[in-house]
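Quick one: the structure is below, questions incoming.
All chains are identified by letter, namely A, B and C, in their written order; residue positions are counted from 1 within each chain.
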(Lines give C-alpha, C1' and ligand atoms only; values in the text may rest on other atoms or scores of the structure.)
Protein backbone atom coordinates (compact mmCIF):
# COMPACT_ATOMS: atom_id res chain seq x y z
CA UNK A 1 0.00 0.00 0.00
CA UNK A 2 1.00 3.53 -0.82
CA UNK A 3 2.35 5.26 2.29
CA UNK A 4 0.11 8.30 1.86
CA UNK A 5 -2.92 6.03 1.71
CA UNK A 6 -1.78 4.17 4.81
CA UNK A 7 -1.30 7.45 6.68
CA UNK A 8 -4.80 8.47 5.66
CA UNK A 9 -6.22 5.18 6.91
CA UNK A 10 -4.39 5.48 10.21
CA UNK A 11 -5.76 8.99 10.69
CA UNK A 12 -9.27 7.70 10.11
CA UNK A 13 -8.85 4.78 12.48
CA UNK A 14 -7.35 6.84 15.29
CA UNK A 15 -9.97 9.55 14.85
CA UNK A 16 -12.94 7.23 14.98
CA UNK A 17 -11.66 5.20 17.93
CA UNK A 18 -10.89 8.01 20.30
CA UNK A 19 -9.18 5.53 22.60
CA UNK A 20 -5.71 4.05 22.28
CA UNK A 21 -5.63 1.65 19.34
CA UNK A 22 -3.25 -1.28 19.23
CA UNK A 23 -0.79 -1.22 16.36
CA UNK A 24 -1.69 -4.85 15.72
CA UNK A 25 -5.27 -3.80 15.13
CA UNK A 26 -4.24 -1.18 12.57
CA UNK A 27 -2.03 -3.75 10.86
CA UNK A 28 -4.96 -6.12 10.61
CA UNK A 29 -7.55 -3.59 9.48
CA UNK A 30 -5.27 -1.97 6.89
CA UNK A 31 -3.92 -5.34 5.75
CA UNK A 32 -0.27 -4.29 5.73
CA UNK A 33 2.97 -5.18 7.56
CA UNK A 34 3.72 -4.07 11.09
CA UNK A 35 6.80 -2.19 9.86
CA UNK A 36 4.79 -0.13 7.43
CA UNK A 37 2.37 0.98 10.13
CA UNK A 38 5.21 1.91 12.49
CA UNK A 39 6.87 3.89 9.73
CA UNK A 40 3.69 5.72 8.70
CA UNK A 41 2.87 6.47 12.34
CA UNK A 42 6.27 8.05 12.89
CA UNK A 43 5.74 10.35 9.94
CA UNK A 44 2.20 11.22 11.07
CA UNK A 45 3.41 11.95 14.59
CA UNK A 46 6.00 14.28 13.16
CA UNK A 47 3.43 16.02 10.94
CA UNK A 48 1.07 16.47 13.86
CA UNK A 49 3.74 17.82 16.19
CA UNK A 50 3.90 21.35 14.81
CA UNK A 51 1.22 23.72 15.95
CA UNK A 52 -1.67 21.45 15.08
CA UNK A 53 -4.83 21.10 17.14
CA UNK A 54 -4.50 17.33 17.21
CA UNK A 55 -1.65 15.16 18.29
CA UNK A 56 -0.80 11.47 18.10
CA UNK A 57 0.59 9.88 21.21
CA UNK A 58 2.31 6.51 21.44
CA UNK A 59 2.00 4.31 24.47
CA UNK A 60 3.64 0.91 24.31
CA UNK A 61 1.92 -0.96 21.49
CA UNK A 62 -0.84 1.55 21.01
CA UNK A 63 -1.42 4.91 19.41
CA UNK A 64 -4.05 7.51 20.22
CA UNK A 65 -5.24 10.73 18.63
CA UNK A 66 -6.12 13.50 21.07
CA UNK A 67 -6.34 17.26 21.16
CA UNK A 68 -2.97 18.89 21.61
CA UNK A 69 -1.96 19.88 25.11
CA UNK A 70 -1.63 23.58 24.33
CA UNK A 71 -5.35 23.78 23.58
CA UNK A 72 -6.40 22.30 26.92
CA UNK A 73 -7.80 25.63 28.10
CA UNK A 74 -9.87 25.95 24.98
CA UNK A 75 -11.44 22.55 25.58
CA UNK A 76 -12.58 23.39 29.08
CA UNK A 77 -13.86 26.70 27.72
CA UNK A 78 -15.76 24.73 25.08
CA UNK A 79 -17.40 22.46 27.64
CA UNK A 80 -18.45 25.50 29.66
CA UNK A 81 -19.76 27.30 26.59
CA UNK A 82 -22.07 24.38 25.85
CA UNK A 83 -23.84 25.09 29.07
CA UNK A 84 -26.28 27.91 28.65
CA UNK A 85 -28.55 28.92 31.46
CA UNK A 86 -31.72 27.91 29.69
CA UNK A 87 -32.47 24.63 27.95
CA UNK A 88 -33.79 24.32 24.43
CA UNK A 89 -37.30 23.04 23.79
CA UNK A 90 -35.80 19.79 22.47
CA UNK A 91 -33.77 19.41 25.66
CA UNK A 92 -36.77 20.10 27.89
CA UNK A 93 -38.93 17.60 26.02
CA UNK A 94 -36.22 14.96 26.18
CA UNK A 95 -35.72 15.61 29.88
CA UNK A 96 -39.45 15.26 30.55
CA UNK A 97 -39.61 11.95 28.68
CA UNK A 98 -36.68 10.57 30.64
CA UNK A 99 -38.30 11.82 33.84
CA UNK A 100 -41.66 10.12 33.27
CA UNK A 101 -40.50 7.10 31.30
CA UNK A 102 -36.94 6.47 32.45
CA UNK A 103 -34.89 4.38 32.46
CA UNK A 104 -35.46 4.54 28.73
CA UNK A 105 -33.41 3.71 25.64
CA UNK A 106 -32.52 6.22 22.95
CA UNK A 107 -34.55 4.25 20.42
CA UNK A 108 -37.73 4.45 22.51
CA UNK A 109 -37.16 8.12 23.13
CA UNK A 110 -36.83 8.75 19.41
CA UNK A 111 -39.99 6.79 18.70
CA UNK A 112 -41.82 9.08 21.12
CA UNK A 113 -40.38 12.38 19.93
CA UNK A 114 -40.30 11.36 16.30
CA UNK A 115 -36.83 12.82 15.81
CA UNK A 116 -33.27 11.73 16.36
CA UNK A 117 -32.19 12.54 19.92
CA UNK A 118 -28.51 11.60 20.13
CA UNK A 119 -27.26 15.18 20.18
CA UNK A 120 -29.67 16.33 22.87
CA UNK A 121 -28.98 13.29 25.05
CA UNK A 122 -25.26 13.88 24.94
CA UNK A 123 -25.67 17.52 25.92
CA UNK A 124 -27.89 16.57 28.87
CA UNK A 125 -25.39 13.92 29.98
CA UNK A 126 -22.50 16.39 29.84
CA UNK A 127 -24.50 18.78 31.94
CA UNK A 128 -25.08 16.14 34.57
CA UNK A 129 -28.88 16.20 34.27
CA UNK A 130 -29.06 12.64 32.97
CA UNK A 131 -27.19 9.48 33.74
CA UNK A 132 -26.90 6.48 31.56
CA UNK A 133 -26.59 2.84 32.47
CA UNK A 134 -26.02 -0.31 30.44
CA UNK A 135 -29.18 -1.79 29.05
CA UNK A 136 -29.79 -5.00 31.03
CA UNK A 137 -31.33 -6.43 27.86
CA UNK A 138 -27.86 -6.37 26.41
CA UNK A 139 -26.49 -4.95 23.23
CA UNK A 140 -24.24 -1.95 23.14
CA UNK A 141 -27.06 0.39 24.04
CA UNK A 142 -27.78 2.40 27.14
CA UNK A 143 -30.75 3.37 29.23
CA UNK A 144 -31.13 6.95 30.39
CA UNK A 145 -32.55 8.28 33.65
CA UNK A 146 -32.66 11.55 35.57
CA UNK A 147 -29.48 12.04 37.58
CA UNK A 148 -29.65 11.88 41.34
CA UNK A 149 -28.26 15.40 41.60
CA UNK A 150 -30.94 16.81 39.37
CA UNK A 151 -33.72 15.05 41.26
CA UNK A 152 -32.39 16.56 44.45
CA UNK A 153 -32.15 19.98 42.84
CA UNK A 154 -35.85 19.80 41.97
CA UNK A 155 -36.60 18.84 45.53
CA UNK A 156 -37.76 15.33 44.67
CA UNK A 157 -36.77 12.33 46.70
CA UNK A 158 -37.70 9.88 44.03
CA UNK A 159 -38.86 10.11 40.47
CA UNK A 160 -42.32 8.82 41.41
CA UNK A 161 -42.93 12.09 43.27
CA UNK A 162 -43.30 13.93 39.94
CA UNK A 163 -46.78 15.44 39.51
CA UNK A 164 -49.29 12.85 38.26
CA UNK A 165 -46.51 10.32 37.82
CA UNK A 166 -48.84 7.33 38.13
CA UNK A 167 -51.12 8.28 35.25
CA UNK A 168 -48.69 10.10 32.98
CA UNK A 169 -46.04 7.40 33.03
CA UNK A 170 -48.68 4.92 31.82
CA UNK A 171 -50.19 7.08 29.10
CA UNK A 172 -51.57 4.92 26.31
CA UNK A 173 -50.36 7.25 23.55
CA UNK A 174 -46.79 6.40 24.46
CA UNK A 175 -47.55 2.70 24.55
CA UNK A 176 -48.98 2.96 21.04
CA UNK A 177 -45.78 4.39 19.52
CA UNK A 178 -43.53 2.02 21.38
CA UNK A 179 -45.44 -1.04 20.23
CA UNK A 180 -45.41 0.06 16.60
CA UNK B 1 -5.05 35.84 16.79
CA UNK B 2 -2.56 34.18 14.52
CA UNK B 3 -4.38 32.21 11.81
CA UNK B 4 -2.32 29.07 12.40
CA UNK B 5 -3.27 29.16 16.07
CA UNK B 6 -6.93 29.62 15.20
CA UNK B 7 -6.78 26.66 12.82
CA UNK B 8 -5.27 24.58 15.59
CA UNK B 9 -8.04 25.63 17.98
CA UNK B 10 -10.71 24.79 15.43
CA UNK B 11 -9.18 21.35 14.90
CA UNK B 12 -9.26 20.71 18.65
CA UNK B 13 -12.83 21.89 19.01
CA UNK B 14 -14.15 19.88 16.07
CA UNK B 15 -12.26 16.78 17.19
CA UNK B 16 -13.42 16.80 20.79
CA UNK B 17 -17.02 17.68 19.94
CA UNK B 18 -17.58 14.87 17.49
CA UNK B 19 -20.97 16.37 16.66
CA UNK B 20 -21.51 19.38 14.38
CA UNK B 21 -20.35 22.58 16.08
CA UNK B 22 -21.91 25.97 15.43
CA UNK B 23 -19.52 28.57 14.04
CA UNK B 24 -20.87 30.99 16.65
CA UNK B 25 -19.65 28.66 19.36
CA UNK B 26 -16.15 28.53 17.91
CA UNK B 27 -16.19 32.32 17.65
CA UNK B 28 -17.13 32.59 21.31
CA UNK B 29 -14.67 30.01 22.61
CA UNK B 30 -11.76 31.27 20.53
CA UNK B 31 -12.61 34.91 21.20
CA UNK B 32 -12.22 36.02 17.58
CA UNK B 33 -14.39 37.46 14.85
CA UNK B 34 -16.84 35.41 12.84
CA UNK B 35 -14.96 36.27 9.63
CA UNK B 36 -11.71 34.89 10.98
CA UNK B 37 -13.30 31.56 11.84
CA UNK B 38 -14.97 31.30 8.43
CA UNK B 39 -11.65 32.06 6.76
CA UNK B 40 -9.67 29.57 8.86
CA UNK B 41 -12.31 26.90 8.32
CA UNK B 42 -12.15 27.35 4.56
CA UNK B 43 -8.40 26.85 4.64
CA UNK B 44 -8.69 23.82 6.91
CA UNK B 45 -11.37 22.28 4.70
CA UNK B 46 -9.09 22.76 1.72
CA UNK B 47 -6.10 21.26 3.55
CA UNK B 48 -8.14 18.25 4.61
CA UNK B 49 -9.57 17.64 1.17
CA UNK B 50 -6.47 16.07 -0.38
CA UNK B 51 -5.82 12.44 0.47
CA UNK B 52 -6.19 12.88 4.20
CA UNK B 53 -7.99 10.52 6.54
CA UNK B 54 -10.14 13.28 7.98
CA UNK B 55 -12.51 15.73 6.39
CA UNK B 56 -14.51 18.76 7.49
CA UNK B 57 -18.17 18.95 6.53
CA UNK B 58 -19.95 22.30 6.40
CA UNK B 59 -23.69 22.88 6.54
CA UNK B 60 -25.34 26.21 7.19
CA UNK B 61 -23.82 27.65 10.35
CA UNK B 62 -22.07 24.51 11.55
CA UNK B 63 -19.05 22.34 10.84
CA UNK B 64 -18.23 18.74 11.70
CA UNK B 65 -15.05 16.70 11.50
CA UNK B 66 -15.41 13.15 10.14
CA UNK B 67 -13.36 10.43 8.54
CA UNK B 68 -12.89 10.93 4.83
CA UNK B 69 -15.22 9.26 2.36
CA UNK B 70 -12.35 7.37 0.66
CA UNK B 71 -11.71 5.34 3.78
CA UNK B 72 -15.34 4.33 4.25
CA UNK B 73 -14.73 0.66 3.49
CA UNK B 74 -12.13 0.23 6.18
CA UNK B 75 -13.87 2.34 8.82
CA UNK B 76 -17.26 0.73 8.27
CA UNK B 77 -15.78 -2.47 9.67
CA UNK B 78 -14.82 -0.70 12.87
CA UNK B 79 -18.08 1.03 13.60
CA UNK B 80 -21.60 -0.16 14.02
CA UNK B 81 -23.64 2.61 12.56
CA UNK B 82 -27.24 2.93 11.46
CA UNK B 83 -26.00 5.36 8.85
CA UNK B 84 -25.00 2.38 6.71
CA UNK B 85 -28.54 1.05 6.30
CA UNK B 86 -30.12 1.15 2.85
CA UNK B 87 -32.71 3.65 1.66
CA UNK B 88 -36.09 2.85 0.12
CA UNK B 89 -37.29 4.45 -3.09
CA UNK B 90 -39.72 6.62 -1.13
CA UNK B 91 -36.93 7.70 1.22
CA UNK B 92 -34.65 8.60 -1.69
CA UNK B 93 -37.32 10.66 -3.45
CA UNK B 94 -38.13 12.53 -0.28
CA UNK B 95 -34.47 13.08 0.56
CA UNK B 96 -33.70 14.40 -2.90
CA UNK B 97 -36.51 16.95 -2.74
CA UNK B 98 -35.42 18.10 0.71
CA UNK B 99 -31.76 18.17 -0.31
CA UNK B 100 -32.31 20.41 -3.33
CA UNK B 101 -35.30 22.42 -2.16
CA UNK B 102 -35.00 22.49 1.61
CA UNK B 103 -35.97 23.97 3.95
CA UNK B 104 -39.31 22.83 2.58
CA UNK B 105 -42.73 22.16 4.06
CA UNK B 106 -44.49 18.82 3.94
CA UNK B 107 -47.20 20.33 1.76
CA UNK B 108 -44.73 21.54 -0.88
CA UNK B 109 -43.03 18.17 -0.84
CA UNK B 110 -46.33 16.39 -1.38
CA UNK B 111 -47.16 18.78 -4.21
CA UNK B 112 -44.14 17.36 -6.02
CA UNK B 113 -44.37 13.69 -5.05
CA UNK B 114 -48.14 13.49 -5.28
CA UNK B 115 -48.16 11.19 -2.28
CA UNK B 116 -48.76 11.68 1.39
CA UNK B 117 -45.25 11.93 2.86
CA UNK B 118 -45.86 11.90 6.60
CA UNK B 119 -44.75 8.32 7.18
CA UNK B 120 -41.59 8.65 5.13
CA UNK B 121 -40.74 11.95 6.79
CA UNK B 122 -41.17 10.46 10.22
CA UNK B 123 -38.91 7.54 9.36
CA UNK B 124 -36.23 9.86 7.98
CA UNK B 125 -36.38 12.11 11.04
CA UNK B 126 -35.98 9.08 13.27
CA UNK B 127 -32.96 7.95 11.30
CA UNK B 128 -31.52 11.42 11.67
CA UNK B 129 -31.21 11.97 7.91
CA UNK B 130 -33.55 14.95 8.08
CA UNK B 131 -33.99 17.76 10.54
CA UNK B 132 -37.05 19.85 11.04
CA UNK B 133 -37.43 23.42 12.13
CA UNK B 134 -40.42 25.58 12.99
CA UNK B 135 -41.88 27.30 9.95
CA UNK B 136 -40.93 30.97 10.33
CA UNK B 137 -44.23 31.81 8.64
CA UNK B 138 -45.91 30.54 11.74
CA UNK B 139 -48.52 27.93 12.36
CA UNK B 140 -47.76 24.62 13.94
CA UNK B 141 -46.08 23.33 10.82
CA UNK B 142 -42.46 22.48 10.21
CA UNK B 143 -39.91 22.95 7.49
CA UNK B 144 -37.62 20.07 6.67
CA UNK B 145 -33.96 20.18 5.75
CA UNK B 146 -31.19 17.64 5.40
CA UNK B 147 -28.90 16.81 8.31
CA UNK B 148 -25.19 16.33 8.77
CA UNK B 149 -25.87 12.60 8.85
CA UNK B 150 -27.26 12.83 5.32
CA UNK B 151 -24.08 14.55 4.10
CA UNK B 152 -22.00 11.95 5.94
CA UNK B 153 -23.98 9.13 4.39
CA UNK B 154 -23.47 10.55 0.91
CA UNK B 155 -19.82 11.37 1.59
CA UNK B 156 -20.33 15.06 0.78
CA UNK B 157 -18.46 17.98 2.30
CA UNK B 158 -21.30 20.32 1.52
CA UNK B 159 -24.79 20.22 0.10
CA UNK B 160 -23.77 22.20 -2.97
CA UNK B 161 -21.63 19.24 -4.09
CA UNK B 162 -24.76 17.29 -4.97
CA UNK B 163 -25.11 16.58 -8.70
CA UNK B 164 -26.83 19.43 -10.61
CA UNK B 165 -27.31 21.42 -7.42
CA UNK B 166 -27.41 24.76 -9.23
CA UNK B 167 -30.26 23.86 -11.56
CA UNK B 168 -32.30 21.59 -9.33
CA UNK B 169 -32.32 23.88 -6.34
CA UNK B 170 -34.20 26.48 -8.40
CA UNK B 171 -37.94 26.19 -8.79
CA UNK B 172 -38.60 27.52 -12.29
CA UNK B 173 -42.15 28.55 -11.44
CA UNK B 174 -41.18 30.47 -8.35
CA UNK B 175 -38.47 32.22 -10.35
CA UNK B 176 -40.89 33.23 -13.08
CA UNK B 177 -43.39 34.51 -10.54
CA UNK B 178 -40.68 36.60 -8.94
CA UNK B 179 -39.52 37.95 -12.26
CA UNK B 180 -43.03 38.56 -13.49
CA UNK C 1 -55.96 -2.64 -22.47
CA UNK C 2 -52.41 -3.85 -22.43
CA UNK C 3 -50.05 -2.68 -19.79
CA UNK C 4 -47.65 -4.55 -17.64
CA UNK C 5 -46.92 -2.50 -14.58
CA UNK C 6 -47.31 -3.87 -11.10
CA UNK C 7 -48.50 -1.80 -8.20
CA UNK C 8 -45.77 -2.84 -5.79
CA UNK C 9 -43.36 -1.04 -8.03
CA UNK C 10 -45.03 2.30 -7.57
CA UNK C 11 -44.64 4.61 -4.68
CA UNK C 12 -47.39 6.91 -5.90
CA UNK C 13 -49.43 8.26 -8.79
CA UNK C 14 -46.69 10.50 -10.16
CA UNK C 15 -44.32 7.60 -10.46
CA UNK C 16 -46.92 5.56 -12.32
CA UNK C 17 -47.74 8.48 -14.59
CA UNK C 18 -44.08 9.10 -15.38
CA UNK C 19 -43.56 5.45 -16.15
CA UNK C 20 -46.54 5.40 -18.53
CA UNK C 21 -45.30 8.49 -20.34
CA UNK C 22 -41.74 7.20 -20.55
CA UNK C 23 -42.96 3.88 -21.87
CA UNK C 24 -44.66 5.67 -24.76
CA UNK C 25 -41.55 7.83 -25.20
CA UNK C 26 -43.64 10.96 -24.82
CA UNK C 27 -42.70 14.39 -23.52
CA UNK C 28 -44.60 15.78 -20.59
CA UNK C 29 -47.45 17.68 -22.24
CA UNK C 30 -51.21 17.82 -21.82
CA UNK C 31 -51.58 15.73 -24.94
CA UNK C 32 -49.30 12.99 -23.61
CA UNK C 33 -51.19 12.95 -20.35
CA UNK C 34 -54.46 12.51 -22.19
CA UNK C 35 -52.97 9.56 -24.06
CA UNK C 36 -52.08 7.66 -20.90
CA UNK C 37 -55.24 8.47 -18.98
CA UNK C 38 -56.99 5.20 -19.78
CA UNK C 39 -54.05 3.14 -18.68
CA UNK C 40 -53.80 5.10 -15.49
CA UNK C 41 -57.47 4.54 -14.69
CA UNK C 42 -57.17 0.87 -15.58
CA UNK C 43 -54.37 0.66 -13.12
CA UNK C 44 -56.47 2.06 -10.32
CA UNK C 45 -59.33 -0.28 -11.18
CA UNK C 46 -57.26 -3.41 -11.46
CA UNK C 47 -55.23 -2.90 -8.36
CA UNK C 48 -57.63 -3.52 -5.58
CA UNK C 49 -54.67 -3.75 -3.30
CA UNK C 50 -53.83 -0.05 -3.46
CA UNK C 51 -53.08 0.91 0.09
CA UNK C 52 -55.74 3.03 1.65
CA UNK C 53 -53.10 5.61 2.47
CA UNK C 54 -52.26 5.98 -1.22
CA UNK C 55 -55.70 5.64 -2.79
CA UNK C 56 -56.59 9.29 -2.21
CA UNK C 57 -53.39 10.35 -3.95
CA UNK C 58 -54.11 8.18 -6.98
CA UNK C 59 -57.67 9.48 -7.21
CA UNK C 60 -56.56 13.12 -7.08
CA UNK C 61 -54.39 12.55 -10.11
CA UNK C 62 -57.12 10.49 -11.80
CA UNK C 63 -59.58 13.39 -11.52
CA UNK C 64 -57.13 15.73 -13.21
CA UNK C 65 -56.36 13.25 -15.94
CA UNK C 66 -60.05 12.88 -16.73
CA UNK C 67 -60.28 16.64 -17.20
CA UNK C 68 -57.24 16.62 -19.44
CA UNK C 69 -58.48 13.78 -21.56
CA UNK C 70 -61.97 15.24 -22.04
CA UNK C 71 -60.40 18.51 -23.01
CA UNK C 72 -58.17 16.83 -25.58
CA UNK C 73 -61.01 14.86 -27.12
CA UNK C 74 -63.66 17.54 -27.11
CA UNK C 75 -61.92 20.88 -27.32
CA UNK C 76 -65.28 22.65 -27.44
CA UNK C 77 -65.95 21.76 -23.81
CA UNK C 78 -65.64 24.72 -21.52
CA UNK C 79 -63.73 24.31 -18.29
CA UNK C 80 -63.75 26.55 -15.28
CA UNK C 81 -60.68 28.57 -14.44
CA UNK C 82 -60.06 26.29 -11.51
CA UNK C 83 -60.19 23.22 -13.73
CA UNK C 84 -57.82 24.79 -16.25
CA UNK C 85 -55.47 25.51 -13.36
CA UNK C 86 -55.60 21.88 -12.22
CA UNK C 87 -54.69 20.74 -15.72
CA UNK C 88 -51.70 23.07 -15.89
CA UNK C 89 -50.63 22.09 -12.39
CA UNK C 90 -50.47 18.43 -13.21
CA UNK C 91 -48.14 18.95 -16.18
CA UNK C 92 -45.91 21.16 -14.07
CA UNK C 93 -45.98 18.77 -11.14
CA UNK C 94 -45.03 15.82 -13.31
CA UNK C 95 -42.12 17.75 -14.83
CA UNK C 96 -40.93 18.65 -11.33
CA UNK C 97 -41.40 15.11 -10.13
CA UNK C 98 -39.36 13.80 -13.07
CA UNK C 99 -36.39 15.97 -12.08
CA UNK C 100 -36.41 14.69 -8.53
CA UNK C 101 -37.05 11.11 -9.54
CA UNK C 102 -33.88 11.29 -11.62
CA UNK C 103 -32.00 13.03 -8.83
CA UNK C 104 -33.15 10.37 -6.38
CA UNK C 105 -31.71 7.65 -8.60
CA UNK C 106 -28.36 9.45 -8.54
CA UNK C 107 -28.57 9.81 -4.77
CA UNK C 108 -29.41 6.13 -4.53
CA UNK C 109 -26.30 5.27 -6.55
CA UNK C 110 -24.21 7.52 -4.32
CA UNK C 111 -25.59 5.84 -1.20
CA UNK C 112 -24.87 2.44 -2.75
CA UNK C 113 -21.21 3.34 -3.11
CA UNK C 114 -21.14 3.72 0.64
CA UNK C 115 -18.55 6.46 0.64
CA UNK C 116 -19.62 7.33 4.13
CA UNK C 117 -17.95 9.90 6.34
CA UNK C 118 -18.02 8.63 9.92
CA UNK C 119 -18.08 10.87 12.96
CA UNK C 120 -16.85 10.05 16.41
CA UNK C 121 -18.62 10.18 19.71
CA UNK C 122 -18.16 13.59 21.26
CA UNK C 123 -16.50 14.54 24.51
CA UNK C 124 -15.11 11.08 25.19
CA UNK C 125 -13.56 11.05 28.61
CA UNK C 126 -14.78 14.54 29.46
CA UNK C 127 -16.39 14.40 32.91
CA UNK C 128 -19.90 15.87 33.21
CA UNK C 129 -20.23 19.14 35.06
CA UNK C 130 -23.44 19.33 37.07
CA UNK C 131 -25.10 22.52 35.96
CA UNK C 132 -28.86 22.46 36.42
CA UNK C 133 -31.04 25.15 34.89
CA UNK C 134 -31.95 27.46 37.75
CA UNK C 135 -35.65 27.88 37.29
CA UNK C 136 -36.76 24.42 36.19
CA UNK C 137 -39.09 22.51 38.50
CA UNK C 138 -41.10 19.29 38.49
CA UNK C 139 -44.19 21.07 37.14
CA UNK C 140 -42.27 22.25 34.10
CA UNK C 141 -41.33 18.66 33.41
CA UNK C 142 -44.99 17.71 33.59
CA UNK C 143 -45.89 20.55 31.23
CA UNK C 144 -43.30 19.48 28.65
CA UNK C 145 -44.25 15.83 28.97
CA UNK C 146 -47.87 16.74 28.26
CA UNK C 147 -46.83 18.64 25.16
CA UNK C 148 -44.80 15.63 23.99
CA UNK C 149 -47.86 13.42 24.49
CA UNK C 150 -50.07 15.77 22.51
CA UNK C 151 -47.63 15.68 19.55
CA UNK C 152 -47.78 11.91 19.20
CA UNK C 153 -49.63 11.21 15.96
CA UNK C 154 -52.63 8.99 16.46
CA UNK C 155 -52.66 6.38 13.74
CA UNK C 156 -56.42 5.81 13.69
CA UNK C 157 -57.07 9.49 13.27
CA UNK C 158 -54.80 9.60 10.24
CA UNK C 159 -56.70 6.74 8.68
CA UNK C 160 -60.03 8.43 9.28
CA UNK C 161 -58.74 11.52 7.55
CA UNK C 162 -57.67 9.47 4.57
CA UNK C 163 -61.02 7.72 4.32
CA UNK C 164 -62.91 11.01 4.26
CA UNK C 165 -60.44 12.31 1.68
CA UNK C 166 -61.13 9.30 -0.52
CA UNK C 167 -64.88 9.80 -0.21
CA UNK C 168 -64.57 13.46 -1.20
CA UNK C 169 -62.52 12.44 -4.20
CA UNK C 170 -64.98 9.81 -5.28
CA UNK C 171 -67.66 12.49 -5.17
CA UNK C 172 -65.40 14.71 -7.19
CA UNK C 173 -64.96 12.09 -9.87
CA UNK C 174 -68.66 11.45 -9.77
CA UNK C 175 -69.35 15.15 -10.31
CA UNK C 176 -66.93 15.21 -13.18
CA UNK C 177 -68.75 12.38 -14.81
CA UNK C 178 -72.10 14.11 -14.36
CA UNK C 179 -70.71 17.36 -15.67
CA UNK C 180 -69.33 15.74 -18.79
CA UNK C 181 -72.57 13.88 -19.34
CA UNK C 182 -74.62 17.02 -19.14
CA UNK C 183 -72.40 18.74 -21.62
CA UNK C 184 -72.54 15.87 -24.06
CA UNK C 185 -76.00 14.40 -24.10
CA UNK C 186 -76.22 10.83 -25.26
CA UNK C 187 -77.54 7.46 -24.44
CA UNK C 188 -74.55 7.10 -22.29
CA UNK C 189 -76.39 5.40 -19.46
CA UNK C 190 -76.96 2.35 -21.62
CA UNK C 191 -73.23 2.12 -22.17
CA UNK C 192 -72.51 1.87 -18.50
CA UNK C 193 -75.33 -0.33 -17.31
CA UNK C 194 -72.90 -3.07 -16.49
CA UNK C 195 -70.23 -0.83 -15.03
CA UNK C 196 -68.55 -2.33 -12.00
CA UNK C 197 -67.62 0.94 -10.39
CA UNK C 198 -67.19 4.64 -11.01
CA UNK C 199 -63.82 4.24 -12.61
CA UNK C 200 -65.45 1.87 -15.04
CA UNK C 201 -68.07 4.48 -15.89
CA UNK C 202 -65.40 7.07 -16.49
CA UNK C 203 -63.42 4.76 -18.73
CA UNK C 204 -66.49 3.96 -20.79
CA UNK C 205 -67.30 7.59 -21.06
CA UNK C 206 -63.84 8.50 -22.22
CA UNK C 207 -63.98 5.63 -24.66
CA UNK C 208 -67.18 7.04 -26.05
CA UNK C 209 -65.63 10.46 -26.43
CA UNK C 210 -62.77 8.82 -28.25
CA UNK C 211 -65.25 7.25 -30.67
CA UNK C 212 -66.72 10.65 -31.32
CA UNK C 213 -63.34 11.94 -32.14
CA UNK C 214 -62.62 9.06 -34.48
CA UNK C 215 -66.05 9.53 -36.06
CA UNK C 216 -67.27 6.08 -35.20
CA UNK C 217 -70.33 7.69 -33.69
CA UNK C 218 -72.17 10.62 -35.13
CA UNK C 219 -72.26 13.93 -33.48
CA UNK C 220 -74.97 16.38 -34.07
CA UNK C 221 -74.63 19.83 -32.69
CA UNK C 222 -76.85 22.67 -33.86
CA UNK C 223 -74.68 25.47 -32.62
CA UNK C 224 -71.48 25.84 -30.68
CA UNK C 225 -72.01 25.10 -26.97
CA UNK C 226 -75.42 23.66 -27.60
CA UNK C 227 -76.31 20.10 -26.80
CA UNK C 228 -74.61 17.49 -28.84
CA UNK C 229 -76.66 14.53 -29.98
CA UNK C 230 -74.86 11.28 -30.45
CA UNK C 231 -75.83 8.35 -32.55
CA UNK C 232 -74.01 5.30 -33.82
CA UNK C 233 -72.89 5.81 -37.38
CA UNK C 234 -74.21 2.47 -38.63
CA UNK C 235 -77.70 2.95 -37.21
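Here, contacts are C-beta pairs under 8 Å (C-beta built on N, C-alpha and C of every residue); 3 or more make two chains touch, one makes a residue touch a chain.
Please read these numbers as outputs of a predicted model, since none were measured by experiment.
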Chain whose Cα centroid lies at the greatest distance from that of subunit B: C
Identity of the most central chain, Cα criterion: B
For subunit B paired with subunit C, centre-to-centre distance based on mean C-alpha positions, whole Å: 32
Gap in Å, rounded to a whole number, between the CA centres of subunit C and subunit A: 45
Gap in Å, rounded to a whole number, between the CA centres of subunit B and subunit A: 20
Touching two or more other chains - residues of subunit B: 15-17, 19, 65, 67-68, 70, 75, 79, 122
Multi-partner residues of subunit C (at least 2 other chains): 118, 120-124, 126, 153
Subunit C residues touching subunit B - in the complex, by the definition given at the top: 11-14, 53-54, 56-57, 60-61, 92-93, 96-97, 99-101, 103-108, 110-111, 113-124, 126, 153, 158, 162
Parts of subunit C lying in touch with subunit A, wherever the complex brings them together: 118, 120-126, 128-134, 136-149, 151-155
Residues of subunit A defined as touching subunit B within the complex: 4-5, 7-13, 15-17, 29-30, 51-54, 65, 67-68, 70-71, 74-75, 77-78, 81-82, 110-111, 114-116, 118-119, 122, 140
Subunit C-touching residues of subunit A, taken from the complex the two chains share: 12, 15-19, 75, 79-80, 83, 85-87, 92-93, 95-97, 99-100, 112-114, 122, 125-129, 147, 149-150, 153-156, 161-164, 168, 171, 173-174, 176-177, 180
